[in-house]
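Structures are listed in the sections that come next.
Below are two complexes that have subunit A in common, paired first with subunit B and then with subunit C.
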Partner chain A sequence: MEITIVFQIAAVGILVAVLNQVLIRAGREEQAMMTTLAGLVVVLFWIIQYISNLFETVQTLFRL
Partner chain B sequence: MALKILGSILIIASSGLAGLYFAYKPYYRKSDLNSFFIALEILENEINNYSSLIEASFQISQKVSDKNISEIFLYLCEKLKEKNGEETEKIWTDSINKYKSSLYLNQEDYDTIAGMGKILNSFDREIEIKNIAVLKRYILTSIDEINIEYTKNRRMFQSIGFLGGLIIVIALI
Partner chain C sequence: MSIVQIGVIGLICVILIINIRRENPQIAVLLSLAGGLIITFNLMPIFKSIIELITQISEKIDVNFKYISMIIKIVGIAYIAEFCSQICIDAGEGAVASKIELAAKVFIIAASLPVIYGLIQTVNSLLS
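Up next, the complex of A and B:
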């Protein structure tokens, strides 16, 4: 696993948190929620491959 | 690597500029509406002084400092001088449409201002003045709304533009 993915997720997390705060301060709670969800979807899209690998490893390890 | 950096800079700069555009759009709309307000004040004054519409529109084009608004009234004045049988309402609409792209007004503003063509060159001065008063009230209300919107949303759009660009860059790296 490349370490850059961890930094990328951290960076997206920070930026989404800042955007969320900015939108909430401007009274746009709905857009803030959508931004958070969009960030979550992007990060999930990145890590889905690693989660799949994890399940495969667990299955191999325990011979399931 | 150099291409990546260049692409990142371009994305951040363009989204930042888009953010700035949305942040400062209400400011320029307010400025345009202010100029229209001044134009209406001059028009009202000229109507009270029994001036013709040609004279009034020429006066407005000379006195209003905003170039685009001034051009609208100058176009109206020139077209009225030609006297080729066109209706004043149509000339006014054409004039507005001609300079629409250089103004920051929204559709509601255009519709209201274009509706002014119906009252221009009317025989009844009282009705003209009353309609101008209604338009002036609309402009003042819009300016108040813009002031609230501008102070509320300016920072938000600036931040969204810049941060959105950063998120796109991080997602694409």
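Up next, the complex of A and C:
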């Protein structure tokens, strides 16, 4: 649970944004949409592990 | 994990979020969520020591542990609800955030009912 995850997500976000622009300029809007979705899914997979990790810790700690 | 590190993590996240928000709002929301997760996860050891200290104190004063555990449970419920509803508000979804807040209130009332019931009973017994 370090700051590196924030940098990874930011890197994916910037990469997807750049790819989007390139694909839109090349006239392939639907592929641009697909890359955005792909980036989103990758980031979601990373985040889900951290969310479940944190919420389990909170549950055990606060006896929810 | 001192307050300085937490502040720096927060600032870094904000800078990155501003950078990404225009092109890619979805990733910006996930980035703010990640920042929140990191800061919260690093707070957990401190929470743990506070709760252990409270339980030790309650044992010394021999307060009924039921009340202490209820208070800790309510703090947990309130904390999780606040964490999630703030993320929803940042993403612009006020309706979802208010639903989460409503659910948190209901859970807190449900958690505190036994104690209220006990209180009313003791008051009744005193009066009658």
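What we mean here is this: the second predicted complex is superposed on the first by the 61 of 64 C-alpha atoms of A that agree within 3 Å, B and C clash if a C-alpha of one lies under 4 Å from a C-alpha of the other, contacts with A are read in each partner's own complex, and residues count from 1 in each chain.
What we mean here is this: a contact is a pair of C-beta atoms (placed from the backbone, for glycine too) under 8 Å apart; a residue touches a chain by one contact, two chains touch by 3 or more.
As the structure is a prediction and not an experimental result, all values here were calculated from the model.
For subunit A, the partner touching the most residues, choosing from subunit B and subunit C, is C. Residue contacts after overlaying the shared chain place A:12 against subunit B and subunit C alike.
Using the contact criterion defined above for the overlaid structures, shared-chain residue A:58 touches subunit C, although it does not reach subunit B. Look at A:23: by the touch rule set out above, it reaches subunit B but stays clear of subunit C. Looking at the shared chain after the overlay, A:3 reaches subunit C, while subunit B stays out of its contact range.
Of the two partner chains, subunit C is the only one touched by A:36; subunit B is not. In the superposition on chain A, A:44 contacts subunit C only, with no contact to subunit B.
Overlap of the subunit B and subunit C contact sets on subunit A: residues 12, 16, 39. Residues 4, 8, 11-12, 15-16, 18-19, 22-23, 25-28, 39, 42 of subunit A are the ones touching subunit B in the complex.
Those residues of subunit B lying in contact with subunit A across their complex are 152-153, 155-156, 159-160, 163-164, 166-167, 170-171, 173. Residues 1-3, 5-7, 9-10, 12-14, 16-17, 20-21, 36, 39-40, 43-44, 47, 50-51, 53-55, 57-59, 61-64 of subunit A are the ones touching subunit C in the complex. Of all residues in subunit C, only 9, 12-13, 16, 19-20, 23-24, 26-28, 30-31, 33-35, 37-38, 40-42, 44, 47-48, 51, 69, 72-73, 75-77, 79-80 touch subunit A in the complex they form.
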